[in-house]
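Two complexes follow with subunit A in common, the first pairing it with subunit B and the second with subunit C.
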Partner chain A sequence: MSQIEPTANVPPEQEPSTDFVVRLGAAQRAGGLIVPVLTAVLAFLAGGIVVAATGHNPWTAYKGIWEGAGFNWLFHIPWDTNTIHLSAFNLSQTLLTATTLILVGIAVAFPFRCGLFNIGGQGQYLVGLIVANWVGVSFASWPTLPHVLLGIGAATVAGAVWAGIAGFLKATTGAHEVISTIMLNWIAIWGGQYLFGQGGPLQNTYNPAAPESGTIAQSARIPVFWGNPVLQGLDYGFFVAIVALVLFWFILNRTTLGYEVRAVGFNPDAAAYGGINVRRKYIQAMAISGAFAGLAGALDMLGYLFQFGVLDVQASQIGFLGIAVALLGRNTAIGTGIAAFLFGGLLYGTTRGLNPNVFDPSLAGNLTSMIQGLIVLFVGADILILYVWNARRKLRPGRRGEAVVT
Partner chain B sequence: MTNHAQPLPDAHWVLRPKTIAVTGSVLGLVAFWSAIPPFTARSPLVPIMIGVLAIAAGLWAVSRGARRVGWGAIASGVIGLGLGLLATRSSSANLQVVFRADLVAQVFVFATPLTFGALGGMVSERSGVVNVGLEGMMLMGAFWGVYGADKGGSWVVGILVALAAGALFALLHAYWSVHLRANQIVSGMAINFLALGVTGYFFEQLYGNKNIPAGVSTVPNVAIPGIDHVADLGPAIGDLNLLIWVGIIFVPLSYFILFKTPIGLRVRACGEHPRAADTVGINVYAVRYAAVVVSGMLAALGGAFLSIGFGGGSFTENMTEGRGFIALAAMIFGNWRPFGAWGAALLFGFSTALAFRLPVYSSSAATLFQVLPYVLTLIAVAGVIGRSVPPAADGQPYVKQ
Partner chain C sequence: MADQNVLELRGITKRYPGIVADDQVDFDLERGEVHALLGENGAGKSTLMNILYGLTRPDEGEILVGGKHMSFSSAKDAIEAGIGMVHQHFMLIPVMTVAENIVLGVEPVRDGVVLDERGAEERVRELSQQFGLSVDPTALVSSITVGQQQRVEILKALYRGAQILILDEPTAVLTPQEAGELFAIVRSLKEDGKSIIFISHKLNEVLEIADRITVLRRGKRIDTVPQKGATEEGLARMMVGRDVLLRVDKTPASPTDVALEVKGLNVVDERDLEKVRDVSFTVRTGEIVAIAGVDGNGQTELVEAITGLRPIESGTVAVGGNVLQGHVTPRTMIDAGVGHIPEDRHRRGLVLEFNLAENLALHDYDRPPDSKRGLLFPKALARRAARLIKEFDVRGGGPLTLARALSGGNQQKVVVAREVARNPVVLIAAQPTRGLDVGAIEYVHRRLVAERDEGHAILLVSLELDEVLSLADRILVMYEGRIVGEHAAGAGEEEIGLEMLGGRKQAVA
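For the complex of A and B:
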């Protein structure tokens, strides 16, 4: 470097090139669709290598997962929506999983655009789930529509408050949101175990031996539009998630709030200089994010779970998957949506959807965690991915694109 | 000369606010202690008087400028008084069940993985690399430790394999954090997911639906001759696992290395001001690599304690169950210092051990003690009782110039 770099005298914490959020923006402009696709392909390749190395056929394993997710239904033309067919049923279940993932993905993506990393999606999801269960079990005499709306509304507010705590602490005391959301996750997990546990306030009334919640009233259940309600069909919550995705895009790109959130995300100091109340944006961004996660909990509880136990609270991981969904989707609305469908298929296709004779679901479930980890890892290493991509580009001198700032 | 820096310049050290405040904190513990076996004071006056004394000492210290320790003493007094009162109102028989001498041993059992994890996290963060991947590195240590002990036939092999597994994932985290300058939290979370998948996958692959076979070589207990049969002392510390003692030894050792040797100075320099460290010729990248790898090995030891130490040669999927995150909390609660982190680990271990025994009263009280570490850490990062302050360059990738 012969020329003097303008950042030479800036202390390390203000160097723009090291800031992940800024770099993510640069990568987005440079790589577009290529980087996330390359990331996912690399992760699936690496997962396949592990499968092959342990003596299984990766091709049949992935094919089994593909069919377990019901994606093969798309190629069965003419499409028959009757869920008597396994592929149609599997696809409806994949969409059910994607419903949750879209919302917990937004819960990570939205504050990320504000420069905040929300690891607390799991806790906010659980709080929403608990509140929705409480509303669903109580008010049993209400008609369906107000009952469902009350459950959704209360859970959304609860999620917003839960995440808002982290935003408030960040704004007032500077407590790092990663630490506080991790702590709030575990408080929610133990809170759920207490509430649904033996002697807990929300434990069911009909079987005192079972540490499980009560079952929500019929009036609180979101109607099913695809499949048999008895066999867990796809409910109208799916459309709520799609609307939430549009809302996320709209807030971020078409409102003053979204503009300010993005400004803070790019550079809080510059945003403050421009007259934006950065602290208030932190609280708002976290509360909105928590609202989406709380909504996810409500849709799950009122849509198909209907009740939840202590063991379910301990085993639930879906909120954490929102991190991978958001990062793979580059924190954009369309990207989060696509990533949610991918992970929804992966999650359902490796567990209950998978034919045990094709590939052992207990192996495949862990393969999902592995691919999830690899995707997050590779997204974190956007430099590496861009390097690979640019190296390929340089091999073709005729098509030199713009220089990539990393 | 300004004299507001030292309000009582001539006071004997016994009368300094800090000493009084520390005494107050201890008194708070005594207030609770007085009401449980072996003393078992039945009159509520005893814990009330001692607790009030502790609160008074804290208030006095706060008014004299020792705010952090002073508020600590007040908190300790209030908690000690409250718990002491509860204890005097419960039946002696229940108290005997909860507060047997082996509670001490159990506190050590629960605190040891946290101690290893917290020390590991501290080493990494002191060098400037945030490590939220502790949970994953711990899980790697747990599974590969028991695998090594099973296939290698000896717990020594198990420990070595666990160390290697933890170091491997730590190396990954270090490469991502130092060379690729990735977001360290993203990378750490990736480590957690990846470890969950890798250990679960290989556990299913290598052991199928069966458990780890019985009779795997495990880390032995250390029976201390002379006190292992003494009443009260024997059950408490007479027969602890070797790894528990290793963990205890690592606390002063890490304090000495980090704060009293040139190596420790270099590590801390990289975490506080890497540019300055680079200027005086410290290889920041090398130091951070080494610190993160040591961190992963320590976390893996904590994991190995779960599987082949106290666990007696077993493994279950997601065995660590968030202990890596409590270790992270202990490190923050202990203000990125070895003895602080150890104290926090013991406190959190105590609260977990109590939670396992409190169901004799009510299961909701047990849950309360499970959640205590997280609430305390939330309060600590929010700075209600003295803010926890991370190293200045924690989480900042360093770019050489």
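For the complex of A and C:
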């Protein structure tokens, strides 16, 4: 029996939990907002040092990224029409990226709360994308609203089924979800290449030489509410993602399913003892997670992509970014939202949005990956950061004691 | 007298944010004595010993070993000063042999570099013969019993030249026989001139083994008394700060209907080993039936089978006259009216990261008033929690306090509150006082008797024979998966103890 003091104020040395999830839970409680913010700040600082080492001015580089992401629009002067136009466009693109990131972030965060690590966000996203494309190309005679809803619905279900397979395997055979979701990713990637490839069932009908999907009908496109539809404006899918965030919070905290998921995530033995069917929760949590990823694929396809090629399938990485988003957001709804906006800005602001005069675009792309990597690294190390934080507190009375004893 | 002291702690104070773990504590140890350090969980025993062993630095106070002032900054310093510590949780490497574990860090070497395996084994053998600590130096640590692992820890300390041994709650992990063997070892160490600090919160064993007893309460030294003349009642009063009823006050039972009937039950464990063999018994409303036995004789599996946590091979379980058939899950048993205080409240009884309101709803979250059509109402959960926290006198937090933040005794009160408040047909209490201190044990015992008097059936599973004898109206003894004896309340300790060790079976065979 570990000794537990009778007050709520437990001395730090008496928290000897070794279990990773328990430790993460403790870190989340104790760190609050400090640790994730510190994590992001540290990552940007380290990135800045590397920028400086390449002979660039980190301040200009970050300012360039800030403007490339369009965040300066939020603080623009109304009569300065010059910057409004470009920054508005940049911001709309950032939000478009954030839309996807919110959903693939939830797809990682939700199962994590059930003690599951979903690495299959990319595969579930692709499956949703493929199904949405198929629905969008077919049923061309339908009116817009039902066509869009059918596309979204079918892709969401497809994503749920795809992730549900991993949940089912975990529940019935004990197959680890990390392994099975990685394998399902590859099945989705190769499946997509086959379907969209030359002679594939979903290849376009107008150019047999191009290994690309068909273009979805006008009726399947989600209307744009900000910007020019021809220039890839921001569509209503953005609001769907915001609603998904609220839904994520609501399911977790205001439904019996969320209670069960959290109980299983914190302590599966106690959950089973309480009468919860743990295996069923694994399947449900994975399916719900896949639904969010599938939805992300649908919103991208019906919102601005409209068609997808074999090369796009190979190059797509956005589903994996969901892991970083969820980690930085600490698997909460609000955190996932904020992290998605941060990564959305970073992703767009260092690539197409970045002014080439400020920073060499070929270098900028690497800077993105670097900052992402650093954030994931620091998030992974936040237990370490917290440890240092606590050790500092622990040392203080020790030093005082030294002075008395000697 | 003073020059006999091998160790002296003067005015040790250690503060943590919001709490003073040790407040001006004095402690001394004579050569060749066993000095017990007695106190409830959180009284400051472990902090004091961590300071002595160099794991924590005191804020104030001095440490004298053999009359010399010491300042330990790590366990290494303490070991060099001749202090050895056997922790509650052993620090052994399971895949290495006993000898390898003992010499780890101070290995004897041959030709300058090669580990002298033979020499190590020889040295370990010598040591174990000298102190009567029988253990095979070539055995893998993973293959020996917990009692033997503890001996390895003691040998490890002796090998490093310890003159002062700290034993931190050494009997917590031992069976009664192993505890007896440990006491014999402690006596032989004492005769050899070693000095021993024996940390415990169990009154009877402290009285059995110690020469002097120091009692700590809330970080303060209350008193140091010689073993002669000390009584359990007196020590308990010093520990808790008030009179404690060590014996449970209860009237004879008046059992009525059968609440739980187990017939011909067979259960296997994960490795398909038979753990429960053809067990049949009944528990009636208004009585406490206790299952006594040494740990690992099938009690855990029996409880898990009755509560739906483990599948039944053959046999039946009936609750309130209804035989439960088909696919039995924990949910089935909960709905049938089985309440269960699990043996490990951290592993099963509580979700430590959940608040009290959520923990208290663990069986009822999916029905009104907690929820409706899948929607959860946190306010309803909090209302129940506020009521139960008051009714069951849970201290240290409110409905929104995390279970982790409570003391062990209060955590157990939360579990008891949840199970009792559901008004179960039969309440299964598996080691309900494990790891609790005297005050909390008294509370749990009184509560169980009160539940019995209110007309509930109670099945108590306990490894503590004292607990069984003081609570039970009927006693079943379990040995190697079978019920080997049944006794009425007031049966002799000797007879039951013998059956627990398989004595009667041997007599028959």
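Please note the rule applied: the second predicted complex is superposed on the first by the 363 of 406 C-alpha atoms of A that agree within 3 Å, B and C clash if a C-alpha of one lies under 4 Å from a C-alpha of the other, contacts with A are read in each partner's own complex, and residues count from 1 in each chain.
Here is the rule we use: contacts are C-beta pairs under 8 Å (C-beta built on N, C-alpha and C of every residue); 3 or more make two chains touch, one makes a residue touch a chain.
Here the structure is a predicted model, which is why all the values come from computation and not from measurement.
By the document's definition of touching, of the two partners only subunit B reaches A:I187; subunit C does not. By the touch criterion defined above, A:V161 lies against neither subunit B nor subunit C after alignment on the C-alpha atoms of chain A. When the two complexes are overlaid on their common chain A, residue A:M370 makes contact with subunit B while staying clear of subunit C.
Applying the stated contact rule after C-alpha superposition, one finds that A:L86 touches neither subunit B nor subunit C.
In the superposition on chain A, A:L247 makes contact with neither subunit B nor subunit C.
Residue contacts after overlaying the shared chain place A:V358 against neither subunit B nor subunit C. Contact with subunit B, but none with subunit C, is seen for A:V178 once the two complexes are overlaid on the shared chain. With both structures placed on the common chain, the touch criterion links A:F320 to subunit B but leaves subunit C unconnected. In the superposed model, A:Y273 makes contact with subunit C only, not with subunit B. Put simply, more of the residues of subunit A are touched by B, taking subunit B and subunit C as the two choices. Residues 5, 8, 11-13 of subunit A lie at the contact with subunit B in one complex and at the contact with subunit C in the other. Listing the residues of subunit A that touch subunit B in their complex gives 5, 8, 11-13, 15, 17-18, 20, 50, 54, 117, 119, 169, 173-176, 178-180, 182-184, 186-187, 189-191, 193-194, 197-200, 314, 320, 323-324, 327, 360, 362-363, 365-374, 376-377, 379-384.
Of all the residues in subunit B, the ones that touch subunit A in their complex are 132, 172, 176, 180-183, 185-187, 189-198, 200-202, 204-205, 209, 274-275, 317, 321-322, 325-326, 328-329, 332, 362-364, 367-368, 370-371, 374-375, 377-378, 381-383, 387, 390, 393, 396-399, 401.
On subunit A, the positions that touch subunit C within their shared complex are 1, 3-13, 22, 25, 29, 253-260, 262-263, 266-267, 269-275, 277, 393, 397-398, 400-402, 404-406.
Residues of subunit C that touch subunit A in their complex: 14-19, 21, 41-42, 46, 50, 56-62, 71, 88, 169, 172, 307, 309, 329-331, 334, 340, 342, 347-354, 358, 361-363, 365-366, 371, 374-376, 378, 395-397, 401-402, 405-408, 410-411, 434-435.
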